[in-house]
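Reviewing the structure listed below.
Going by the order they are written in, the chains are A, B, C, D and E; count residues from 1 in each one.
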Amino acid sequence: MIVARRYGARRLAAYVGRPLALLLGWDVAVVLAYRVLRPHWGGHWGGLGALPMSMMGSSLAIFLVLRNNVAYARWWEARTLWGGVVGGSRRLARQSRLFLAPADAQALVRLQVAFAHALRCHLRRLDPWAAVTPFLPAGLEPALRARTNLPDAILSAMADRLAALARAGALDSVALAAFEDTLREIGSAQGGCERIRNTPLPRQYDAFPALFVQLFCVLLPLSMVDDLAWLTPLGSSVVGFVFLALDTIGRRLEDPFENDSHDVPLDALARTIEIDLRQGIGETGLPPPLLPVDGVLW
Amino acid sequence: MIVARRYGARRLAAYVGRPLALLLGWDVAVVLAYRVLRPHWGGHWGGLGALPMSMMGSSLAIFLVLRNNVAYARWWEARTLWGGVVGGSRRLARQSRLFLAPADAQALVRLQVAFAHALRCHLRRLDPWAAVTPFLPAGLEPALRARTNLPDAILSAMADRLAALARAGALDSVALAAFEDTLREIGSAQGGCERIRNTPLPRQYDAFPALFVQLFCVLLPLSMVDDLAWLTPLGSSVVGFVFLALDTIGRRLEDPFENDSHDVPLDALARTIEIDLRQGIGETGLPPPLLPVDGVLW
Amino acid sequence: MIVARRYGARRLAAYVGRPLALLLGWDVAVVLAYRVLRPHWGGHWGGLGALPMSMMGSSLAIFLVLRNNVAYARWWEARTLWGGVVGGSRRLARQSRLFLAPADAQALVRLQVAFAHALRCHLRRLDPWAAVTPFLPAGLEPALRARTNLPDAILSAMADRLAALARAGALDSVALAAFEDTLREIGSAQGGCERIRNTPLPRQYDAFPALFVQLFCVLLPLSMVDDLAWLTPLGSSVVGFVFLALDTIGRRLEDPFENDSHDVPLDALARTIEIDLRQGIGETGLPPPLLPVDGVLW
Amino acid sequence: MIVARRYGARRLAAYVGRPLALLLGWDVAVVLAYRVLRPHWGGHWGGLGALPMSMMGSSLAIFLVLRNNVAYARWWEARTLWGGVVGGSRRLARQSRLFLAPADAQALVRLQVAFAHALRCHLRRLDPWAAVTPFLPAGLEPALRARTNLPDAILSAMADRLAALARAGALDSVALAAFEDTLREIGSAQGGCERIRNTPLPRQYDAFPALFVQLFCVLLPLSMVDDLAWLTPLGSSVVGFVFLALDTIGRRLEDPFENDSHDVPLDALARTIEIDLRQGIGETGLPPPLLPVDGVLW
Amino acid sequence: MIVARRYGARRLAAYVGRPLALLLGWDVAVVLAYRVLRPHWGGHWGGLGALPMSMMGSSLAIFLVLRNNVAYARWWEARTLWGGVVGGSRRLARQSRLFLAPADAQALVRLQVAFAHALRCHLRRLDPWAAVTPFLPAGLEPALRARTNLPDAILSAMADRLAALARAGALDSVALAAFEDTLREIGSAQGGCERIRNTPLPRQYDAFPALFVQLFCVLLPLSMVDDLAWLTPLGSSVVGFVFLALDTIGRRLEDPFENDSHDVPLDALARTIEIDLRQGIGETGLPPPLLPVDGVLW
């Protein structure tokens, strides 16, 4: 997640630099061709006229802006779901204080830290074991390795541990049901994140805007050259810049778990969970909160 | 659900190929007629003028884009509801670990796998028995066959089994209430899916956009031919392409349970549930996760 | 609810036929007057110009489309609330299997069928007794007739029955609380439906669009006649058709409990509840599901 | 809340009559000045041109329409929250039937009627005591008068009464928790209403639309006078009417608890609660439901 | 939060005064240059033409307005989440009346007042101790100082206190679970506030609108000077004013916890909680509710 307040030229160039340069080249080519060829040809080229371009432009703008809002909604939902992971983790820690003996609480809370790291790696398709293993009780890892979905398997392991405590008489069924509700909350946030990762925005919302914008940019100088003459590259670039940027803004937000600079900051959130939970069970020597690197929080 | 990143020419053609070809033919016919007839006729045809077409075009664009957002919202709600089925299934499996003996847990979890397949077939109007029967306990099938709504009947069978355990003293009423809440969650996701399948988008949101776009495309070359002359087919096709595509994008997302390539991928989701749940009760030799076929996940 | 896939000429005519015919008449009158009077008058009429009409047109289009989305949201919320009635009914039936003896379950489930029919009639302001009485236990009807709000009174009767079972020791307080939560869910869906029925869309969202569209249509030929001459009726009708249709689309969806063809299909939904619940308690000889009549599901 | 189906000339005039008359006067002044002065001056006034006005107009229309949707969302949320008060009240009455002896139920239900009237007066900043006192048990009023927030104080009094019943052994903790959940539901609806009443729409959403519309109306005739000449007042009034109306529609819905004709009908809703709840505890001689007065339900 | 009904010239100037003055200067410079240079140059400058500017303008308007809606949604969500803190605090106080002895209730309620002040300071990055310490029991402060997240640590301290009461037999597990649900509700509102504070609107939604508006304003007089001549500064300023204001409106709402005049009024809300809760436990001599200072409620 980019947190830098200023959006420098470098980021801007990364956004729309290349297509904009291409458009400018095309603009210049069109003007030159028009100026060179027209006198020889003698005919009149009225351009494409204002009507088709303005109809295409306004339809496209509405489509792009609303597509972007949908992409933003996905991104914000992803962030909110991770807020649910943070909230569920704190709740589990609080419930452990309420219902469990300190040693049992500690083991459960460490499993929840493992869950946070496992979910982070699961969503970003990274190897989880280096981050997860330190928080697992001895002997659990092999069983987890046999499961396809590691975060869900950790939740199952927490359920097993709670069931054992209940069988040992350390928890009554009301407390067990309260813990179960917390596991439900966490599991449901996990499911929501998987939904967003596995279900891309319908491909039409992705392919058609790109195609329309390219088509629009190709036609832009053709429609302006008769009116604007040598100013065509200016007029066309400015309009093209807006449309290219609108197309890119949404495209970058669509997929919030792709391990790039527009991601929801899973590393920082998992670290926050780790610090809050481990402080709560009295551990010290914890890692510091993650800070933005070069304006990006990962 | 189409997951292929690239949207090739074949998919594009399937989208708007035919109406676009028709439009192009009509454009050419209009230009030819205009060029041939006008000199004989001697009169002047000012076209339909920019005002009606631009008013119609901008109204239509806003309508189409917002209709598409409504269609997308249906599709995303359908996907979210199936996320609820996945989450509820995992929750039920977790609760079984918390509250039940392993054998009872296993039977309940297998019934839940049966539910997932039954719901998938129910929504797509497919015959469910081949997929469902392997997960049913002996003797249950005839009772289920007597019920109209198979997924709901399976939830009732799960309730019967839990009630029997409670009567046998294996479950207290708090645990029973926790299970009941999970069945509620799953049943409510089922109800939401049925709502989307049985309640089409109001027909006006479907019929009028199609009619408007057809009318608009018929008028397009008539309004441009005086200005654009031989460029009319280009201008008209480009604008028509945008409107035809906008109309189609929404139409394909409206109904997410129609067994076509724009469906929510029920097969893959039911398979995920089957794998997660059966792994959790220690079964092996499971089927692999479903992969996209030709860029489409079913 | 209209479910017919095709939207024939008859439905279209019912939609905007009359105002469109009026507009066409007005268009022709304007053209004739202009053609006949202008030569005598000698002056020039520049029409209303493009600026006022295009500003009015685009504002109006945005307003209409977003008003329609609000109307659709009401309609969809009404459908979702009835989905909640279906889900709550099934949940109550499931809870009866979990917590009650068969005879008690049967009586409670029949009361819930009565509730569904009572709510349907309550929302559509129909006499409920013919549909409700068969499902009431003997002697309950007089007490219910004394209450203003019949569906709520049936929920109270269910609570009384559950309280009697609890006092008799057949239900513990956890089960009672679970039933209470289901009654809450059902009652809250009822309250939502009453809210939509009793609270029309703010009258301004209804009156101003109609007024604006009428004004707009009156001005349409006046603004076009100088440009389009004999084509004025065509240009004006096409644009007027879009605006009249946009106005009507929302107006028909605003009130989903008005007993007309755009209603949420309460008859069919109540019938579904009746079948699902009565099958669940082993009754046979049930009525079949309701089918669309002439493309409309009631 | 205005419920009259027809929106007569009187209501229309109250809406935008005055500013529209001012605009018409300004239009006429501009035309006259233009006609009188131009010949003397000899110069040419091209008007403000179409570009600035159409850019301003379309931006303004989008802004106004979406601002109105936000205002409507506030209004509808307020109505929905009162739906929650109605639902919570019925739920409390149902719980009283389930868990309490008739005399205790009666006292609690009467306190809930007091709550509904107290909340109504609290939101509209009216003196509550005349409406509330008849439903309070003897001796409670002085304690309530000492509290700043009367509705919340009544909920506390209900909690005290329930706690006393629990200490006396008439309620177990499961039933107490169920009642507590209902108080939470009601208190949360109260909090939502207070949020809407105390947090106006951000002032910018209110001040800028008004300012923009005024500026726009002042410029309207200036931009049209050269084109439309004597028709300027017509063109300008029609466009001005749309924008003035759009501005006013939202402004009237923004604040739903202001004791004016666009309010959520708190009187009618509190009366509904009173009737439903008092009928449920067998009281008779109740006041009738409130009916609209002059097309307005209060 | 600005509550003043009137939006005076001072506030307006603070909004868009500076960029508007710059734009006006630029407008004048363009007109002068055009008038002075053109006769010498002899050529014709057709301006940038209407097409690029109107396409840019309408795209930009849609983008700005929808960006503003997203910013408003963040602001309103922040306000709603604090409504959740208010509701959760009252609920905790009500639960204390239901389940605890007066002395225990008092201590818990005072901790909740401390929580409200701690959360307020935490979100605004202010030092919390002066506001929080008076409400802490003796000896708790050092433990809290060791934790990174003070509000969460206070919730943990409340959990510890409740756990101690439960171990002492003063609370059964049902009551404990009810309290736990309230802590969940409060913690989840806290988590939502932290999410909004720590996750800015995606930087593209902030940087591009600003850049587009600046570019648009620079081009405005260039596109108008040929048409409007000496009226260019008027036309350009009016349009520029609308776009500059639209850009600023959203920008000010984006971040609701920045300690400036557009903040959600945390001071006033925390004070409300303090008064309601302390009155409820019978304390007197409370501070008065906060009033707006110079039209701003903090």
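Please note the rule applied: a contact is a pair of C-beta atoms (placed from the backbone, for glycine too) under 8 Å apart; a residue touches a chain by one contact, two chains touch by 3 or more.
All values reported here derive from a predicted model rather than from experimental measurement.
In terms of the stated touch criterion, the partners common to subunit A and subunit D are E, listed by label.
Here subunit A and subunit E face each other with different sets of residues for the most part; under half of the interface numbers are shared between them. Put simply, the C-alpha centre of subunit B and that of subunit E have 38 angstrom between them.
Here the CA centre of subunit B is 23 Å from the CA centre of subunit C. Each of the following residues of subunit A touches two or more other chains: 50, 54, 58, 62, 66, 174, 177.
Subunit E meets subunit A in the complex at residues 46, 48-52, 54-56, 58-60, 62-63, 66, 70, 146-149, 152-153, 155-156, 159-160, 162-163, 166, 173-174, 176-177, 180-181, 183-184, 187-188, 191-192, 194-195, 199-200, 202-208, 211-212, 215, 219.
On subunit C, the positions that touch subunit B within their shared complex are 1-5, 7, 11-12, 15, 50, 53-54, 57-58, 61-62, 64-66, 68-69, 72, 75, 79-80, 83-84, 86-87, 90-91, 93-95, 97-99, 172, 174-175, 177-178, 223-224, 227-229, 231, 234-236, 238-239, 241-243, 245-246, 248-249, 252-253, 262, 275-276, 279-280, 289.
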